[in-house]
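The two complexes that follow have subunit A in common; it is paired with subunit B in the first and with subunit C in the second.
So, the complex of A and B:
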């Protein structure tokens, strides 16, 4: 699997990659980092745009965008559209981005009931009240998968997808191949 | 702690600067700063926009699903949620004592978690600020820059994290979101091969963790005045300690001290945590503001996590980490132990403790044992508390006679630090931003104060002021998918 990366010409332009977590738990990002020391070699071939690892706050023009997490509030929608606009290839990473994942378990409940449950609990009444400052993004009534809102080019399944799936995706793209996950890399747990 | 700079008197006259999102932290948050025409700071707030409602949608689920479900709160420290939930459910099953194999496997998993999370936070996220300087070039101020400038340091960080993840994989089944811990015990122990595999590198990890403590100490020595003063404030604190007062990250009683360092409570049974802490809600953050009940919401905030644990325990039960603890609390007359950046130093001492703990457990034959589960008398209510990488983590459930969860309350580590983080950023804003032209480098100082706490924030945010109050979610094909409006009380569904 390492061959295409070593074969890439040293002077070639680096693949510019942006990553973000919407309504995700960062577990997908962790699994990406689970490529371990391969990250050091990878950084000769890719560069990060907006990502939790850099201080770039907005996504600029990129070759690849990796989206973890579904859409649970208005801000998620805004960030997703910014990524779609700037990324040539957009990938839905993990169960949450692909179908809403665990946070979507709130979809059969009424949002107000949930807020009341969380902020007016029986055990811990402080001064109470539901947060509603304009600085807080509006929650959506339901958690949505990202393909309902923008076109998605590839889906990387799993909760989280295994580190080798990230590696395969990136090495395929770097070698100019259509990414494809073989048996063993398609996980759904 | 004071509430200075929390709320400006006339916000409408002020200019707003936002750090959005706060980067190089786990999860998303944003900071808003309100300034007048002379750049005097009037208001600073760290907003947490995480809202997922786990407490609600977990209701009605069978209890045995809970340890696997709740770890999806956080992919950085899933083991903490996995174990805190398991501990609460042990209580529901009436299990008072786990089998030795189960307890040691869980402790091993937890040490793996502390090791990987602390390594990730220090090397991948925070070290660029410390190695390159607070206002250094934004383009290089990240792990890529560290790999280029300090490849040896970066490589150790990557491999320490990897080792912690491997410990988790072998005890939990998967590196992220494993299934190893179950109510009443664990579902696997280590095989002799796994044990041998982990033992190979165990001593190396101890040595590298020591190097990491040495590195942060050296950084303190080189920048003593700046590090000691940076975002400094006095704070109360809370953590678990073992019966003999030693640090114990897996189990113990609650110890709290006020801002003078005087005891508030000690060895308190966490099964009744609601007797000593309560939570306040503020309209501008989804994250609650916990406080000690005896001191009230205005005076009772406190902090948790490595700095509190290392300074409040009587000793650390592994020798190398304990020597480093003594060094740390005595350093420069104890000044580093009260500094916000002292969190980094304390975190590295804990990483060393975790590495030593892993090494010791790997020599214990119980970890390859086969007696995995214990039983007891079924109860209705269970509370599980653990010291997660970021601090005290509380899970609380009630389960009905059909084995379904009927109530849940979670207080995650970062929540305890909510007020402390807000105070720290206000201190930094006062000192570095007041009256100056705001630059990217200056704003990074605010983020450095937040990073010291290693917060886990989750879920993105953006200035709502720039968005319509009514939001329609329109799909790629133009159909309306979802919409919401905001009313006085909070939220309503659009008609």
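So, the complex of A and C:
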């Protein structure tokens, strides 16, 4: 009320966004960056928290979390829970986060058989034995999509989702709309 | 055509000839009713339930109900589309539907129907069933991971090809799928041929001609160009 009449309106608080890749290939992140110069416009509206783009190691309170990749080891589950705890809105990004994707192709094989073949028996592959350093996260028996472990608010399908789909999701959320992709942007491959 | 031979589908008058089902009349008129196990060339199966519509407050499969003059049918209403989406999600979790690695992607009826119904996730927990492929035939690959048990290959092989190569078998949600009627259970031990109707009827990526994979680039495949409802509209006379 006492503010000077000619003062510019207070800048709206930037939305805080965290991103991560669990059992993914970072392809979704690359596709996100394919929004090209629109990222300049986006950075007027959002700021990044934990993300491979900032190298911040842990997630603080955020408005939005983008999760690429499914869950293939114990660390993936910890990171996912950290995101869910801190992000008001959590989005599963890409085929792997949504249905396990390529890593889930190991699900019909026995985990021990896979490790033994890769690290012990298969000719021309490493023969150093199955790694057991305590710092290595233990693999899960099966790869799982993230909605099997935490509540997921929105899904962005695709392998990867097209840059325009990222743009649509973010601009819809920034405008307070329910994200809607429609034909051409919604695809599973 | 008799002027009284019309019914209403979501408020639109659809003409029909007596004996036609709601699905047949709607499709001939270019109106899309979501479906998976129905095919215009074969007798209706009524098993996938995607084509469920609402008539006077009751649900029924539009591929098996005959159109009646003056009938009021509800099709693309949120109440039914929500149930259809749930049916699709159940199909997606009980098989192994990994679109990025599937040759049928972009031309797949299951996928296109899921796009049409705005299916954003499988919602349920994944089953990840173990379903080995059958590559024994020189010209055809069978990938059972994607079978949705529509039975169209069974119908095509028996009704058109006169061969009965396929049958539905097995028990339980994980065991039931299409099987091969040879002693070994392998397609390579049947007289199945690339020229059979059944070789080209599969709506998903189970029955695939070999050496044809990914022929059409992404962006130019059937359902890249237009959604499945637009295809039905375009195909109508």
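For this structure, a couple of remarks:
One rule holds in what follows: the second predicted complex is superposed on the first by the 174 of 189 C-alpha atoms of A that agree within 3 Å, B and C clash if a C-alpha of one lies under 4 Å from a C-alpha of the other, contacts with A are read in each partner's own complex, and residues count from 1 in each chain.
Basically, a residue touches a chain if its C-beta (ideal position, glycine included) is under 8 Å from a C-beta of that chain, and two chains touch if they have at least 3 such contacts.
Quick caveat, the model's predicted, so the values are computed rather than measured.
In the overlay built on the shared chain, the residue A:17 is in contact with neither subunit B nor subunit C. By the touch criterion defined above, A:99 reaches subunit C but does not reach subunit B.
When both complexes are overlaid on chain A, the residue A:91 reaches neither subunit B nor subunit C. By the touch criterion defined above, A:62 lies against neither subunit B nor subunit C after alignment on the C-alpha atoms of chain A. In the superposed model, A:145 lies in contact with subunit C only, and not with subunit B. Contacts of A:169 after superposition on the shared chain: neither subunit B nor subunit C is touched. When the two complexes are overlaid on their common chain A, residue A:45 makes contact with neither subunit B nor subunit C. The intersection of subunit A residues touching subunit B with those touching subunit C, taken from the two complexes, comprises 101-102, 105, 142, 144, 147-148, 159, 189. Here subunit C touches subunit A in the complex through residues 92, 97-102, 105-106, 111, 114-115, 118, 120-123, 125-126, 128-130, 218, 224, 226-227, going by the rule given at the top. Of all residues in subunit A, those touching subunit B in their complex are 20-31, 33-34, 36-37, 39-40, 43, 47-48, 52-57, 69, 71-79, 101-103, 105-106, 109, 111-115, 117-119, 121-142, 144, 147-151, 159-160, 163, 189. Of all the residues in subunit B, the ones that touch subunit A in their complex are 19-21, 23-28, 30, 32, 45, 47, 49, 51-53, 55-57, 69, 72-76, 78, 120, 124-125, 138, 141-144, 147, 151, 154-155, 158-159, 161-162, 165, 174-177, 274, 277-286, 288-289, 291, 297, 396, 407, 409, 444, 447, 456, 458-465, 467, 471, 473-476, 481-486, 488-493.
Interface of subunit A with subunit C (complex): residues 92, 95, 98-102, 104-105, 107-108, 142, 144-145, 147-148, 152, 154-155, 157, 159, 180, 183-184, 186-189.
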